[in-house]
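You will see two complexes here that share chain A, one where it goes with chain B and one where it goes with chain C.
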Partner chain A sequence: MADSNLRRVETLGGLPPARGTVWVAWFMFFFLIAPSLIIIPMSFGDLNEIYFPPRSLSLFLYREYFFESVWMETTFQSIKVAILSTMAGMFLGATAAYGIVRATFRGKKMLGALLLSPLFVPNIVIALGLYIYFARMGLQGTTFCLVLGHTLFVTPFVMVVVMAALRGVDPNLEAAAKTMGAGRIYTFRRVTLPLLRPALVTGGLFAFLMSFDELVISFFLSGFGTQTLPVKMYDSIVLEISPVLSAISVLLTLLAFVICVIITIFYNPDRRTRLRLTGEAETETKTTET
Partner chain B sequence: MFFVTPFLIYMGIVFFIPVGLILFTGFVSEETGQFTFEYFQAFFTQGLYLRVLWTTIEVSFMGALIVLLCGYPIAYYLAKQPPKRRMYLSLFVLLPFYTSILVKSFAFVVILGHSGAVNWLLRFFLGEDFGVQLLYNRIGVMFGIVHDMLPFIVFPILVNLLAQNPALHRAAEIMGASRTRIFWQVTFPLSLPGIFAGILLVVVRVMGQFVTPSLLGGRTDIMMANLVDFHVNDVLDWNMAAVISILLAVMAGVFLVALARLRGAQIFGAET
Partner chain C sequence: MIRPNTADTTTPMVWLQGVTKHYGTVVALDEIDLEVRRSEFLTLLGPSGSGKTTILNLISGMVGPTAGRIWIDGKDITEMPPNKRGLGMVFQNYALMPHMTVFENIAFPLRVRKLKSGVIKTKVAEVLDLVRLPEVARRKPSELSGGQQQRIAIARCLVYNPSIILMDEPLGALDKKLREEMQLELKRLHASLDITAIYVTHDQEEALTMSDRIVLLNDGQIEQMGTPDDLYFHPRSLFSAEFLGDSNILSGNIEEAGPTVTISTAVGQCRCSRACGFAESGTPVKIMVRPENVFILPPGTSDEHLNKVPARMVDTITFGGVIKSYLQLADGSSMVVQELTRAGQSVPEAGSEVYVAWSSEDTIILPVEGRIEIPAPPS
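Showing the complex of A and B:
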């Protein structure tokens, strides 16, 4: 494991890639980035028409987004659902990851796979299950069940990130705290969690974005008045293709870009992270000594 | 075990019971309350359903193949870069991964649509009444899927390429092998586990796709997930919706088992 981590930082050996490969790679980079670029000129376009290139430039579409109540309402609904499910997901994900990684009992691999299983089930299946479930209980269409569904969706992602980070945390630190008389919850809260801060930031931001952008579960579970932004966007693309969508798309891409850069900086599964973690661990133990 | 309890209880209530309900709805007759295969029989005896099933499989595998052809050069190029430059360049792949699928679908409507960017370019160069139908058909679906799935194939292959022992390439070089020969006889065969992992990951994800076929595809590009939506929201037939999602989950499960069995498979390499 340590060996593969060492190699991961290096570069594939041999000659530099052929010119043809370089061209293909850069063409694909362009293809990957093109959708994010195309919406920028479109977002400064004018009223009620999708036409490339836009005929005149204005901030009309942004004003439309910020001052039309439907778009703002759905945006706030999305933020609300995303914050609540991220908080719940971080609690459930971090505790579950800790329980699995530090477990000593047999069958912990099975249990881990079981807890991560929502990752492997297509979202539409989860959405249908929750739809039937909540409909039978008469809860369908409430914000509460949206949050429940989103929490189920984001928790495994938090778990994966925290599990990876936990493997780099020295269990002896926790053992030391325990010999000095700290209980297991106290140890987790005061020793492990602070060491996991980068992973928690990463997992939390990722969970927030996943929930904020989630469509399928929201599409099945939301009702009149509890629509999230992606559901409203979906309806808009199906029904009318409103030009306001391009302004919203630019804003959402900016959000994705910021979160993507933060995560790329924070989360680096190379040994550098490991060094940083152990470095922090040292300062942490020093402060607790004094 | 103590720390696992909260999420385990949560999953029991919000995951296992709903999954059980789907099974119940798909296998238990509404009239008699008995175990039955009648809904599955209804699925497999109707041409429409079988066609959608076929479309789903076809789009998944065709998509995975195109994604591989487009993604391998990216992974290879990234693997050849020094670490710092690689980190910056991989933002090209990461940004679309973090972007909402709705933003991407909307952008493709703008790019591929009748008055979109591609057709504008064509008209610019080839004359006023030129135009190609790129949207609301299989081409549109493929564009959307390839774009959406590229990160899922690039990262497993990249991880594999970076884990390859550089000494092997140096040895081949010293013995006088050409670049092409080194690639096809050393690099490529060694990267096969990464390729298979990536392909299976893409196939599993495409099978459950809902947004892309719905927004970029036409009437004949409907996939299983859209059929679930149709039965829940339009014809209110929960039994058939349950049957379709059971089939979808089983299909995904088969590929996931294959994925888990692949040595060196990195399921999470692309997720985080």
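Showing the complex of A and C:
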């Protein structure tokens, strides 16, 4: 695997990295990931305090998390908000991306920048704005306003991924489908959508993770009974420093890790071209024979 | 869909009536009138930016005209969306669906038409036989070579029997040998299937080989329209003469009009015994002669019927079957002579003084600007 990767770098005209560079890269990687790794042994501690290294190993803290109703309630609330805002974000993000990439109209670039702006505005600013806004409308503290806030937050992520993928979809494919008699909807369903599927899966998972982990907006918008897991965790740090936090942190890291692995598998933009290149090389010889 | 074989043959299959297309301030097409006859192989030829792809996109419905009407088979389809026009189109980059197998790609237009799966299976198998690729049905397009992909694209087009097939430089991405093979293949399919084909290319050789008629476009206008012979032997403008085939061009003035026109040039007098539209003496003109009609005479030979000018050999290059000699005339202009190669042929050495000669019948007089408006001789 590593060997074939090196060969790929070389065919692209680059050089394999020097040995020293590799070591520095690994060091930086461990330096950055160490805090997350330290949490893992701590999460297997058995006392009602955060301590490193743990004196004995047990699943006490995990049991605490899974059987304490407050933690489960906030977890389900987070899942609910994440799923709803992901669905809304995927719909809005994908359709907006399609319009921005395919359509031609005045002010297209401006609109694109505007739609992506939540990426650049600090979360605290969005959160404060939404808080004041929803409070005026009397919606602050409801799950509905949490979902709206998170939708605003995740939509640009979906948009970016889908826009990139859509730029890679040859517009001639849609033109070809239309000349063959397919209408707009048929073309979108049978040609564009299947080609965008990897991007949609990636964007969706990404959006889910972003929403599930989100603290600042949730902190401002949630109220009694609508707290999400990160908000509850924050509260517990401030109020009680519960050692259960380390177990939850491990689980969250695991979730992020699993989603990242799935994304890497699904979203590999050059996998298709690589297949095509090797396929072409193999079959070229065959055609000259026939 | 049944091809309207029984329909009257006088209605043009496609008719562009005074069609203009602007892209912003750019004029892509300037009031084009074009008729495509039933079952003909028509090529739109021209340099890039001349408007040939725009014509194709207007017929397919991908863009709408700024002015003018478009008719297909006697029906005004100017406002009709592309999916209702019932045309076929082959793209330069094939435009095969990468997520579908070859079978699904070819079945696509049939599924759109809601045919039964049994019918689809037989039709796809038939058309795969037709393009001589019966064994690739279950592969993905990415597993095929460029030539095979293009044949699948053509099969996908033939499978639903469109009466018109539009082709946008379909062989542009293939290497020379494969391209020549595919040219013959396309000709064979066109002849056996009785389709109207509209073919876009910038390759003049391809246009000359394949077409029943060529429409030469230049800067959004039709420069000349006719059979390949017409365009090659009776170019009506400097642009036509230079775009199709190689040409030697000299400048001069009409000296004496009549059945044989005499032209004075910087390198001597030339005669042209072809009919042309220039009667007034003194008119500045260009004269053109094809390299294959010019030959090199050793000094001393003379012939009354020939135009003969002194020249100096510069270089000789052998291109397999033909040999090209590059010569310089007295006024510094250059002339190319093309002969068939024969074993043991001797060519004058570089630097030697010779004569180049050509018959008055092979001399073509062209206007310095614009085009001759007399119709080309019927073919």
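Going forward, the second predicted complex is superposed on the first by the 235 of 290 C-alpha atoms of A that agree within 3 Å, B and C clash if a C-alpha of one lies under 4 Å from a C-alpha of the other, contacts with A are read in each partner's own complex, and residues count from 1 in each chain.
Just so it is clear, contacts are C-beta pairs under 8 Å (C-beta built on N, C-alpha and C of every residue); 3 or more make two chains touch, one makes a residue touch a chain.
All of these numbers come straight from a predicted model, not from anything done at the bench.
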Partner chain(s) touched by A:A25 [first = chain B, second = chain C, both, neither]: first
Partner chain(s) touched by A:L173 [first = chain B, second = chain C, both, neither]: second
Partner chain(s) touched by A:Y186 [first = chain B, second = chain C, both, neither]: second
Touching partner for A:P194 - first (chain B), second (chain C), both, neither: second
Residue contacts on chain A - larger count, chain B or chain C: B
Touched partner set for A:V70, first chain B, second chain C, both or neither: neither
Partner chain(s) touched by A:L254 [first = chain B, second = chain C, both, neither]: neither
Which of chain B and chain C A:P16 touches, first, second, both or neither: first
Chain A residues contacted in one complex by chain B, in the other by chain C: none
Contacting residues of chain C [partner chain A, same complex]: 60-62, 81-89, 91, 93, 95, 97-99, 108-109, 112-113, 132, 140, 142-148, 156, 160, 166, 178
Chain B-facing residues of chain A, complex: 4, 7-18, 21-22, 24-25, 28-29, 31-36, 38-39, 42, 50-53, 91-93, 95-96, 98-100, 102-103, 105, 111, 114-115, 117-126, 128-133, 136, 148-149, 151-152, 155, 157, 159-161, 164, 184, 188, 202, 206, 209, 212-213, 215-216, 219-220, 230, 233-234, 237-238, 241, 245-246, 248-249, 252-253, 256-257, 259-261, 264, 267, 269
In the complex with chain A, residue positions of chain B that touch it: 1-8, 10-11, 14-15, 17-19, 21-22, 25, 70-71, 73-74, 76-83, 86-87, 89-111, 113, 115-117, 120, 147, 150, 159, 161-170, 172-173, 179-180, 182, 187, 204, 207-208, 210-211, 214-215, 224-225, 228-229, 232, 238, 241-242, 245, 248-249, 252-253, 256, 268, 271-272
Complex contacts: residues of chain A adjacent to chain C: 170, 172-173, 175-183, 186, 190-191, 194-195, 272, 275-276, 279-280, 282-284, 286-287, 290
